[in-house]
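Before anything else, here's the structure in question.
Should a chain be cited, it is by its letter among A, B, C, D, E and F, assigned in written order, with residues numbered from 1 in that chain.
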Amino acid sequence: LYKILYIDPVGEEHSTPEIDGFLKQIVSEKVKIDFSFLKRGPANLEYMYYETLVTADIIHKVKRAEIDGYDAVIIGCFYDPGLYQSREITDIVVVGPGEASMCIASVLGYKFSVLAGRNKWVPIIMENIQKYGYKEKLASVKLLELGVEDFHKDDGYTETVMIAKGREAVEQDGAEVIILGCTMQFGFYSKLQEYLSIPVIDPIAASVKYAEFLLNVKKYFNWGHSKIGLYQSPPIEEIKRFDINNMYNLKDIW
Amino acid sequence: LYKILYIDPVGEEHSTPEIDGFLKQIVSEKVKIDFSFLKRGPANLEYMYYETLVTADIIHKVKRAEIDGYDAVIIGCFYDPGLYQSREITDIVVVGPGEASMCIASVLGYKFSVLAGRNKWVPIIMENIQKYGYKEKLASVKLLELGVEDFHKDDGYTETVMIAKGREAVEQDGAEVIILGCTMQFGFYSKLQEYLSIPVIDPIAASVKYAEFLLNVKKYFNWGHSKIGLYQSPPIEEIKRFDINNMYNLKDIW
Amino acid sequence: LYKILYIDPVGEEHSTPEIDGFLKQIVSEKVKIDFSFLKRGPANLEYMYYETLVTADIIHKVKRAEIDGYDAVIIGCFYDPGLYQSREITDIVVVGPGEASMCIASVLGYKFSVLAGRNKWVPIIMENIQKYGYKEKLASVKLLELGVEDFHKDDGYTETVMIAKGREAVEQDGAEVIILGCTMQFGFYSKLQEYLSIPVIDPIAASVKYAEFLLNVKKYFNWGHSKIGLYQSPPIEEIKRFDINNMYNLKDIW
Amino acid sequence: LYKILYIDPVGEEHSTPEIDGFLKQIVSEKVKIDFSFLKRGPANLEYMYYETLVTADIIHKVKRAEIDGYDAVIIGCFYDPGLYQSREITDIVVVGPGEASMCIASVLGYKFSVLAGRNKWVPIIMENIQKYGYKEKLASVKLLELGVEDFHKDDGYTETVMIAKGREAVEQDGAEVIILGCTMQFGFYSKLQEYLSIPVIDPIAASVKYAEFLLNVKKYFNWGHSKIGLYQSPPIEEIKRFDINNMYNLKDIW
Amino acid sequence: LYKILYIDPVGEEHSTPEIDGFLKQIVSEKVKIDFSFLKRGPANLEYMYYETLVTADIIHKVKRAEIDGYDAVIIGCFYDPGLYQSREITDIVVVGPGEASMCIASVLGYKFSVLAGRNKWVPIIMENIQKYGYKEKLASVKLLELGVEDFHKDDGYTETVMIAKGREAVEQDGAEVIILGCTMQFGFYSKLQEYLSIPVIDPIAASVKYAEFLLNVKKYFNWGHSKIGLYQSPPIEEIKRFDINNMYNLKDIW
Amino acid sequence: LYKILYIDPVGEEHSTPEIDGFLKQIVSEKVKIDFSFLKRGPANLEYMYYETLVTADIIHKVKRAEIDGYDAVIIGCFYDPGLYQSREITDIVVVGPGEASMCIASVLGYKFSVLAGRNKWVPIIMENIQKYGYKEKLASVKLLELGVEDFHKDDGYTETVMIAKGREAVEQDGAEVIILGCTMQFGFYSKLQEYLSIPVIDPIAASVKYAEFLLNVKKYFNWGHSKIGLYQSPPIEEIKRFDINNMYNLKDIW
C-alpha cells in the first residue's frame, strides 16, 4: 500500500475540496491518497512573488510528509513550485503536475501544446519546459486569457474557449496532444478530449498516475531521485550548525 | 487484468529465454506478460541492415498481438525498431525500451549517460534521443567496446567495464543517472547501481513498468497514442486497395 | 561512363514511366541512367507502415544494382527510404531526393521551404531535415493538402495551390528557395520557378545532378561514403553466419 | 546622486563586512552604496533549500529598499536568488551578480568559462545561463572543488587552484574570459587577471558597475525593466485582498 | 575625462549632423564625444556590398582614433560593420549599436523584437544576433517596409508604422522590449515608448551609455576586450613585413 | 564549355602557382579554369583585419570576372571571404572552399572534423559553420598549431601532425570525415586519406567539383543563387547615384 499526499499550495480558504473527490476517484487500488493545503497563502500563484511566498511552506510540508510516512507527494500546481527543492531535502517520490503532464504528452504524439491562462505565465512555463528538456516536443503555448480564479466562474464559457484554442493548436501549430496548463482547469479534460479526438492531459490526473509509476519503479528496481548532484541533500549537521530549526520555526522538521 | 506481449526481435535460435524469467519476476500483479520472438532474424541489430530486415516482421507481430487481444506490446531492443510504425497501425500501447528508459532517467536526475556497445551504435541512439526530445538531458554516450553478443560472454569482465565507464560518465560528464544501452545488458543494473550509488536503468525493466503506466493512463483517462498525425493509421480500404494482404503474405493480419 | 539506376519504390502497376523520360532528358552526356521499380508495393509511402513494407526490397535492389555494375543508385522518394541502410551495405554512391534537394537549396539562398502534401508527412520530413543537419536553413514546411496520388489528377489545380503556398512561404516565412517535397510533384518546377522568380527544386532533377556530383568527387578524389561508423558494413561472415541468405530468400544478393 | 543597496543574503553572523569596504572602493562618485544583510539565514546558498529559505526575505528587503528611496539593489549571490521576483514587485533597478558578470563577459571575448565550486552548483548555474540567453557564449563551467566557506580559508591555495582551472578553461575549452562563479571569490580577480592575461570578472565588481549602467539608461532614456509580462507586478488590490500583509507579517512592506 | 568618437559610416554628403546634437545631449558629464564621418561611402549600408566598401575605411578610422587619444569609438550603424575587426587591431573600447542595444534589451524583459526596414536586412541581423549569443532572447524581427533613407521622409508616417509593428511584436510575438533596428530611426524612441508602455531602445542612445559602461569597467577593473583569440591583434612586425602601409596608403596608421 | 576563375586572394608575391597545376589536373573536360591573384594583399588571412583589407578587391575581381565572361568563380580561402557579397553583386556561380567542403563532408558520414591551424581561426570557422547550417554535423575543430605560411615549410612534419590530429578526431570526437581547414593544406589529402581510411576533403578540390555541380544545376534547371533577399543586388541606379564608380576607382566595374 502506497501513501500519497496531494498538496493544494494555497491556504484553506482558497483551497478546492472538489479536487479531493477527483483524487479519490482516480487513484489505483492499494494506494491511499490524502488531500491537504497550506496554513496560509494567496489564492493563485500567477505571480512569481506569490510563488516565492509559498515555496518554503510547500517544501517543509513535503519534508513533514516524509516524516509522517508518506511514500510520495504531489505539489498541486502546474508551475511545480518547490519540486526540485523537495526532492533535494527528502528521499521520497515528489511529483509536479507540469513535469508529469509533459512526460506523458511527449510520448503520446509528435508535439504538444499547453493551454495557459495569460501571457504572464509564459516565461515560467517555458523555463520549466526547457529545464525538463521537452522544448523540442512543444508545438505552442496558447493563451485562454483567463486567470486561475476564472476557470470555474462560467464552465460553459471556459469550455468554449478551450475548444477554440485547442483547435488552433491542432490546426495551426501541429499539436497532437493538449496539456491543460493549470491544475484549476480540472474537470474539463474528458469533454475536450472528446471534441478534439486527441489526448487532453489533465495535470492532476497525470500527476497521480505518474506518482504511482515512480513509486513502482522505486519499489521494484530501487530507482529513486539521484542524490549526487541536482538533488543532493544538505548535510543534516550543516542544517544543525546553521540553526535553521530555530531561525525559521521548524522544530517539527529538523 | 492487462495482457502484455514482449517481443525479442530475433529468431528463436538467437532469443534469450532468461528474459522471460526476468519479465515474470518484475511484472505487477494483475498483469500477464508473455515472451515471444520472431520467426527469423539475425542475432543482433547492430547494423541498420539487420534492423531493416526485422522491422516489418516486428510490426506485423505487434498488429497480430492486437488482434489476439494483447493490451500492450514491448519491442525488446534499445533501438526501438518499428516503435512508431507499430503505433501507427494499431490502437494498443506500444513501448520501446529506449524511449521508456530515457523517460524515466530524465526525471531522476540532472543528466543521464548511456552505456552503449560500439561507436557504430551512436548515430542511431543519437537520432532516437533527438526524436524523443531528450537531447538536453543527455550527458554522454559511453562506449563499452563490446558487441551485443559479448555482454554475457564474461559477466565479470562486462561488469568491470561498465563500472569504469559509468564512473567516467559521473565524474567527467556530469551524469546523475545511467542507462544500459542494450536489452542484452540485462542482469547488471542492480549491482552497478550499488557500486555507483545512482539509479542505473535496465531497459527491459523500464519498459515493463512504463507499459503498465501507459496502460493505466489509458484505462483511467483514455490517453492513448494520438491518431491525427505521427501515428495516424493508413485507412483499411487503402490497405485493401493496394492488396498488401496478398503481396506480402499477411493474410492473418489484414 | 557512369551507370546510374533510378528506383521508383513502388510496384510496377503504381510506377510512373513518365519519370523515365524525364531522367533521360536531364542526365549528362556520358551517363547512362536506367529506370526501375519494385516487384511489389503500395502506390505511395505516405504512411510509415508502407515505407517499412518496401524498405527491405529497396535496399536489396540497391545491393543488386551494385553487383550488376551500377555506379550509383537514386531511391526515388522524397522520404529517402533505405538511404542510410543502402550506403551501409554497399560501396557505391546512393542518393536520396530529399537529401539532394536540401543540399542544393541550402546553398542557393538564406532559407528554404518545403511544399509537402499533408500534415501526416511533417514528422518524417522534419526528422530527415534534423538528421541531415539542415534545420537552421528551413523556413517552413507548407501543406498543399494533397496526397501523393492527387498531384497529377488536375495539374492546373495543383499548380494554383503550389503558387499560393509558395508565395506564402516567401512572403510570410522568409523562404528564398522552394523544394517540392515529393517526387510525384515532378513536372511543376519550371513553371513555378518562373512565377515565383526564385529557384524551385524538383527532387528528381536534384538527385540526378547530385548523383553525378558524388560520382565525380569519388572518381577524382576517392571521396565516398565513410565506412567507419554510420555506414560501416556488416561483416560478410556475420551475414553468412546468420544465414540471412536463406532466411529472407536473398540468394542473388549474398 | 544614486543610492544603491547591496544585500549580502545571509544573516549577520555569516555576513562578510570586507565586502562593504570593497564596494566603497569601486563605486563611482555621486553614487552612495550601502551594505546590508538579512535578519537570518544559513552561511551559504549552495543548496536549493537554503536559497528557498532566504528568497522571500531577500525580495521583501528589496521592496523595503524601494520604499526607503534606494534607486537600485544588488542581490549579493552569484545564483541571483530572487532577482526576477524583485523586479516583479518593484520599479527600481535590481541587479544580480550572475547576470551582470555574464553580460560583461559575453562582450569581452568569444566565449567565457565560469569557475564554480562544486558539481552541486552546475544545474543552477546552467539554468541561469540558459534563462539569461548566454548559452552560446559559454565555454565551460570548471569546478574548483571548494565550498563557499572554503574560498578564504587559505587564499594561497585557492589562488593556485583558480589559476590551474583558469588555464584549463583557456587552453582546453577555448575560454577568452573567466567569470568567478561566487561572490565569496572576491579579492582574487586582479591577481588572476594578471596571471592569465585575460579579463577575470569579479561578480561583485561587475554588479556595481552594471547597476550604475542600468541606472544611467533609466535616468537618461527611461529604460527600466519592462512591466508587461515577466516583470509585471501583482495588483496591489490583489495583495490586499489576499491579506498577504498579515499572513506573512509584512506590515512594513504592503 | 573620457573621449569618445562617434563615426557615422557614410561620406560627408550623406551624414546626419542632427546625430551630433543628439550625442551631445545624452552624453554624461566628464565625457567628451565627437561626431565624425568617412571620406567617402554610399548613403546606406543596406547591401552587403556597401558594407564591404566602407569597412576598411571604418576600421582604419578607429585605429586612427586610438592614435589620436580616443578612449572609445562607436561605429554608428546597427549592422556593427567592422566591430570585431576594430577590436582586433586596437586596444580601446569599440562599441556597435546593434550589440549595445541587444545587451540592454536582453536584461529589461523576457524577449525583444527588432523593428527592421526590409527583408533584405534579416540575414545580417540574424547573423549578428546569433554571433552575439542573443538568439534565445529574440521574439521577432518585424519589417517596416522602409529603407534607411525613408525613415525621416515623413516622420508621421514612420511613427504610425512603428507603432503598428511594435504592437504586433508585443501582442503576437511576446516581445516585452523593442529595439529600433537602424541608427537612422533616431528621434522616435521616446514617443514610441510612451505609446507602447515598454522600453524602446534607440541604438545610438544605447551605444553611448554602453560605451561609458565599458570605459568604466576598463578603468576600474581593467576589463577590456580579451586579446588571446577572437580579438588577438596581428603582430606589428607582420604588418610591416607585408608592407600594408604602402600597399593600402595607410601611412598615418602603421 | 564552362569557364571558371580561381582567385588566390593574396598579392602576386604571396600567391602559390602550384595551385594552378593542381586545378588543371582536377578540372573536368569541357571546363576551362584560370588561376589568378590580387593586385595586393598580405600573405595570409589569419586575422580579420587582413580579410577586411582584401575583401573589396576580391568581390570586385569577381564582378570583373562576370563581365569577362566567366561562368563561375572560386574564392581560394577556407574562410570564404567575400562569398556572400560576390553572390550579391553578380549573377554567376560563386563558390567558397569552406562551404563546398562542408557540403560534401556532411553527406559522406555522420560527423566531420576540421583540421585548423590555430585557435585564432576558430571563431571565424564556427561562425561560417553556423551560417551555412552545418553545426549539427560538426564533430570538432582540431588545431594543428601551424600558421598558413607553415604548412609547407616541412611537409613531413605537417603530415605527422595531421595524422595525429585526424586520429584524435576519429577516436575521441567521432569524426567520420576530415576537412582540411585551409587551402594552403593542399597536397596532403590523399596520403592522409590513405592513413585514416576515411574521406579527407581538400578544400580546393572540393570547390572545383562543387563549382562544376552548381554550374550544371544552373544550366539544366536554371537554379542559381536566389536574388530576392540575402543575395539581392543593389540597384544599378543606386550605385550610379552614390557615384561608387569614382569614389572607389572602379571604372572598369560599374
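Couple of notes before you dig in:
Keep this in mind: contacts are C-beta pairs under 8 Å (C-beta built on N, C-alpha and C of every residue); 3 or more make two chains touch, one makes a residue touch a chain.
Not measured: the values here are computed from a predicted model.
Farthest from subunit E, judged by the mean position of CA atoms in each chain, is B.
Summarising the inter-chain layout, the chain whose CA centre lies farthest from the centre of subunit F is A.
Subunit C and subunit F have Cα centroids separated by 28 Å. Rounded to whole angstrom, the centroid-to-centroid distance between subunit C and subunit D, based on C-alpha atoms, equals 54 Å. In subunit E, the positions touching at least two other chains are 110, 119, 122-123, 130, 174, 228-230. Chain pairs that touch one another are A-B, A-C, A-D, A-E, B-C, B-D, B-F, C-E, C-F, D-E, D-F, E-F.
Those residues of subunit C that touch subunit F in the shared complex are 26, 28, 99, 103-104, 106-110, 130, 132-137, 170, 174, 176-177, 189-190, 193, 197-199, 201-202, 205-206, 209-210, 212-214, 216-217, 220-231. Across the complex, subunit D is touched by residues 11, 40-43, 46-53, 55-56, 59, 82, 84-85, 88-89, 119-120, 122-123, 127, 130-131, 228-230, 232-234, 238, 242, 244, 247-248 of subunit A.
Within the complex, the subunit B residues that touch subunit D are 110, 174.
Looking at the complex, you find that subunit D touches subunit B at residues 119, 122-123.
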